[in-house]
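There are structures below to look over.
Two complexes come next, and they have one chain in common, chain A, joined by chain B in the first and chain C in the second.
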Partner chain A sequence: MTDATANKGVTPRGAKPRRRLSPTNIMLYGTLFVASVYYLLPLYVMIVTSLKGMPEIRLGNVFSPPVEVTFEPWVKAWAEACTGINCDGLSRGFWNSVQILVPSVVISIAIASVNGYALSLWKFKGSEVFFTILIFGAFIPYQVMIYPIVILLREAGDVLSAMTGTKIRLMGSVWGLVIVHTIFGMPILTLLFRNYFASVPEELFKAARVDGAGFWGIYFRIMLPMALPIFVVAMILQVTGIWNDFLFGVIFTKPETYPMTVQLNNIVNSVQGVKEYNVNMAATLLTGLVPLIIYFASGKLFVRGIAAGAVKG
Partner chain B sequence: MAVTDSGGTESARTPAKKPNRLFKNLTAKLASVPMILTAIVVFIGCTGWTIYHSFTKSRLLPAPDKWVGLDQYERLWSTRRWLVSIENLAIYGICSLVLSLVIGFTLAALLDRKIRGESVFRTIFLYPFALSFIVTGLVWQWVLNPDFGIQSVVQRWGWESFTFDPLNNADIVIYGILIAGIWQGSGFIMVIMLAGLRGIDEDIWKATRVEGIPVWKTYIVVIIPMMRPVFVTALVLIAAGIIKVYDLVVAQTSGGPGISSEVPAKYVIEKMFQSQNLGQGFAASTMMLVSVLVVLIPWAYLEFGGKRRD
Partner chain C sequence: MTNVTVKDLTLEFGAVRVLDKLNLEIEEGEFLVLLGASGCGKSTLLNCIAGLLDITDGEIHIGGRNVTWEEPSERGIGMVFQSYALYPQMTVEGNLSFGLKNAKVPKPEIAERVARAAEILQIEPLLKRKPAALSGGQRQRVAIGRALVRDVDVFLFDEPLSNLDAKLRADLRVELKLLHQRLQNTMIYVTHDQVEAMTLADRIAIMRGGVVQQIASPAEVYNRPSNKYVAGFIGSPTINFFEGDIAEGGVEFATADTKMPLTGYEASQGALSARPAWLGIRPESVITGTDVDTQPFTTEITVELFEAMGADTLVYTTLAGTPFRFRMSGQARVAAGDTLRIGFDPAQGSLFDKTTEERL
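Here is the complex of A and B:
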């Protein structure tokens, strides 16, 4: 609140500012400050705890800064923490999450952008009906649809195996989860792209049609380059959403392919062994790091992304 | 050729008397196959499948031919664990609705008072929303830890009798989860509210200032009624989130102590995938769907029915 502009020695322009320390302002900034403490406290505790050794944690309290800074918990969380019999740390969950994330994001956005494009510029009979179903589907609790999807994935895996002659399993594999993420990301992403493409001037579309461009030609040459910002929004939305997913991860994968959130929960909430709070907090922080980086790096776009994705999960 | 083709959009929007209707816009239709499949097979098909099977005696495997009517629902509503789940959801839901709206609106209103460092505060309030419920639950599990967390800190400060251990006390455990849930989600409501406040005409403020109405009164009497649509949106978003609460509970308390922090979504998943009692899972998930519809249908009616009247 004590700002640099006050001592710049420039004659102030505009209306005379209100008194700095008026009771209103003290109330205003006081409330905001208290609220900030509530929001920042867990992050602070997480960081501080993850840098302490276990003896120090047992002696001190959660808020005291570390006397001796150690990065050992981080190393341990990444490379040694145990889930069940596997003791190779969170790194495996991290790479599993990456393997799930990349195809899920690419495929879900590819399909949804084409949907949105078709819905806004190539309407066909019934297209609006499907879209309405899709939007209502966004509100159906996942629990209602999850079991039949398990069956469908199992059956589809069997059919594919019979067709190709090799053993393909969708249920329990990364690809099954990719399909699930694509399905449940579809309503909101389609809505996002449909609204964007609907705002494209129709003349542009007509001109391209006159030039003989077809469905895919217009999509790749005109719409795709134009819609880059909305693709970024969709990416932010999907990356954070899929990275943070727990429910689908726990149901559609098996222990070897568990995403990071599931593995994190198993590490921290495991009942065996001595609780190592510093390792737990380092692991928690590591899992939160990806969305946090996206959040701090993307700023306003993040807000747009989540505002669009709020309907989802 | 080009000229006849240029009417593509027009004819696409108004199906004309062309003979080959099925093949018109064929590429668009083919490209929409994933969407059509998702809409029909997953959203309608799977939902219908679950609802149907909730009336059957499915246990380890779905048993479509063992029709038992409403038996599963009767059993569900006489299961203590389900009743506890519902009660928890009701407490969590009401508190989190009220608190999210109040906190979200208050913070947004404070940020809208032309303060310094607005973007810093906004960043602070919103960052938890980027984190998963698992991370949220685990952090708050640690902050609320009775031996090392807030309780022990306050006790060490000298207030020896201070007790605040929601995660070990079955009576208040749901409030421990509430604290974490509010922490994670209220920043987002603030963003929605702030966008709503920014949409209010500056002239309104000028007018109330001229009239000499105090600021707080302006908010309550003028601004909040004007922001009704924003509140409704926020309400629907919060409500949709509440019914799905699952991972937060799994991470923070695993439903404990005992069954005191169970929630319906967790009940469903456990019945389906752990205790092999599919029928109960289906019935419970259908109840979740019903509760969503109870919120959604009036909202959709107000939202879309209202637009038609204009």
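Here is the complex of A and C:
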């Protein structure tokens, strides 16, 4: 009785204390641990192998850390590895990839954001049909369209040459590949932007119209500043997608303009001489670096943007 | 002079006819409230007047000009939205001046107009803040300011106070009334809140299913509702309806077991004739106490339930076979089961035809 009166009006504060080593937690962290080992082990092997010399690799202990750390494989992968007659390593592929990546990302996002904005806020007769057809494009396997695109690019190049009087080749050039990446990014990016702009309160759009802003005025001054997270999401999707692309790169370019992924493949798969595992590992890590950096630099915005875009369909 | 005219306005969304040949005339400087339950088409009508929806048929004139196919910004209107709809990335000043910049108003004039609007609405200290740093009431003031700076003839309000809490809503309601008295602009105000409608309006247009049911002054709408729907919609607690027949010559109204005299009833056209009808009696028109016997109709009832609201007491009972509510002023001393003597004048109520539900 006395206890009850003494504690009158006192209620527990803060979160309920939890046991650290409950069976649930052991299960949870155990599973997480196993899963991370499963994914990190290959990465670990790649890193240690790339830091070893060839004699050490021949000993066969793939999991052992390097006895003598050497960065020579990295240098060789970047600047000296040979593909065919060219012996300037991955560096050329890297710069080709940058030249393909930057315009592809900028152009595809610029067009898709305006698409999404128009399809969500400036609905016109048939806009839903248009959108459905566009989304349908996301479900067609790329392989089906490769040969038609080869012909289209070749013909379009000829038409442009005839129009301008100078020789323009789209097939086999960096710009041809940029066009292909832009088109193939369109369905998913448009969907992304349309859903994001559909979640913007409609009254905001109405208020801007009453205030006399037009199509572009509302896009640039009202919608664009609000859409930063979704732009980051689109950028990450495009950068990773385009950087990691191999299929289009190998088909629509030629040896001088091969992107980094194709260059990597050619280095790793070259059949002459000894297999230099350490160089191959270093080259692979180098190629994967760009998407990784982009992701770590903007991962937080990525998650937020994905969540924001998912609010309304 | 008529300021806003809506002629035969029809709007269809696919096969659904949302507004049907709607006509409306709003005088210059008038405060018109569009009142109705949700889905009645009141906000849709406002959006049509603003030019935010393309109409199917009809005409809209503002200030004597046919603006049916003009852009919202060219119609000479300012609009305030329920969700405030402030541009989140701009400061209050940016929000206020956005429309003026679009209209290419010279900079010194923009500054002047923004300063004037800020002074009227007392938001000068907030000019450099972003909307996220404002309270609900402040945001709505900025939203009103955005309409104010545009120097327009017609203000459109789309449920502007619905997102505010009760106290703030009452305060801003008074401010809006003062603002209207000061500016003398034409204002069209959409709400589902009848208190807002009764207190703010010069005239109320009650809408249902895309059709205007009655358009009249608040007192007229309350005292002489044009049909049974309006009578039931206006007034809180809601009006009581009796089902019965008007006797020959319109002298009395008879339910199954009760007869109520109708002497003195002002019929809307001609004299009352015998027919089945509804009689509506407002809960406020019932009298109790010593004055009961002055009333043309008196009876004894049993209190079934009562609600003490502080300023008055609401009593629930059964009269002539139907549930009946009435209001007693003050904190009346009643208890469930008590027998009370009440009286009212049925001729001060409203009679509606049984089938058409129109006022008789």
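Keep this in mind: the second predicted complex is superposed on the first by the 267 of 313 C-alpha atoms of A that agree within 3 Å, B and C clash if a C-alpha of one lies under 4 Å from a C-alpha of the other, contacts with A are read in each partner's own complex, and residues count from 1 in each chain.
Assume a contact is a pair of C-beta atoms (placed from the backbone, for glycine too) under 8 Å apart; a residue touches a chain by one contact, two chains touch by 3 or more.
All of these numbers come straight from a predicted model, not from anything done at the bench.
> Residues of chain A touched by chain B versus by chain C: which partner has the larger set?
Between chain B and chain C, the winner on chain A residue contacts is B.
> Applying the document's definition of touch, where does A:147 land relative to chain B and chain C: first, second, both, or neither?
Only chain B is touched by A:147; chain C is not.
> Looking at A:264, would you say it contacts chain B, chain C, both, or neither? Reply first, second, both or neither.
first
> Based on the superposed arrangement, let me know which partner A:39 touches: chain B (first), chain C (second), both, or neither?
first
> Considering only the touch criterion stated at the top, classify A:55 as touching first (chain B), second (chain C), both, or neither.
After superposition on chain A, A:55 lies in contact with neither partner.
> Per the contact definition in the header, classify A:23: touching chain B only (first), chain C only (second), both, or neither.
The answer is neither, since A:23 touches no partner chain.
> According to the stated criteria, A:134 is in contact with first (chain B), second (chain C), both, or neither; which is it?
Touch status of A:134: first partner only.
> Per the contact definition in the header, classify A:222: touching chain B only (first), chain C only (second), both, or neither.
A:222 contacts chain C only, not chain B.
> Touch check for A:201: first (chain B), second (chain C), both, or neither?
second
> Could you give the residue numbers on chain A that contact chain B in one complex and chain C in the other?
On chain A, the residues that contact chain B in one structure and chain C in the other are 206, 209-212.
> Tell me, which parts of chain A touch chain B in their complex?
It comes out as residues 1, 3, 28-29, 31-32, 35-36, 38-43, 45-46, 49, 57-58, 61-63, 111, 114-115, 117-119, 121-125, 127, 130-131, 133-134, 136-137, 139-149, 151-152, 182-183, 186, 190, 202, 205-206, 209-212, 214-216, 240, 243-247, 251, 261, 264-265, 268-269, 277, 280-281, 284, 287-288, 291-292, 294-296, 302-303, 306-307, 310-311, 313.
> Quick check on the complex: what are the chain B residues that touch chain A?
Residues 1-3, 5-6, 8-9, 12-13, 15, 21, 24-25, 27-29, 31-32, 34-36, 38-47, 49-51, 62, 103, 106-107, 110-111, 113, 115-117, 121, 123-136, 138-143, 145, 148-150, 152-153, 156, 183, 187-188, 191-192, 195, 237, 240, 243-244, 246-247, 250-251, 254, 265, 268-269, 272-273, 278, 281-282, 284-286, 288-289, 292, 296.
> Which part of chain C faces chain A closely enough to touch in the complex?
Result: residues 47, 50-52, 71-74, 77-79, 81-89, 98-99, 102-103, 143, 146, 150, 158 of chain C touch chain A.
> For chain A, which residues count as touching chain C in their complex?
Contact set of chain A toward chain C: 201, 203-204, 206-213, 217, 221-222, 225-226.
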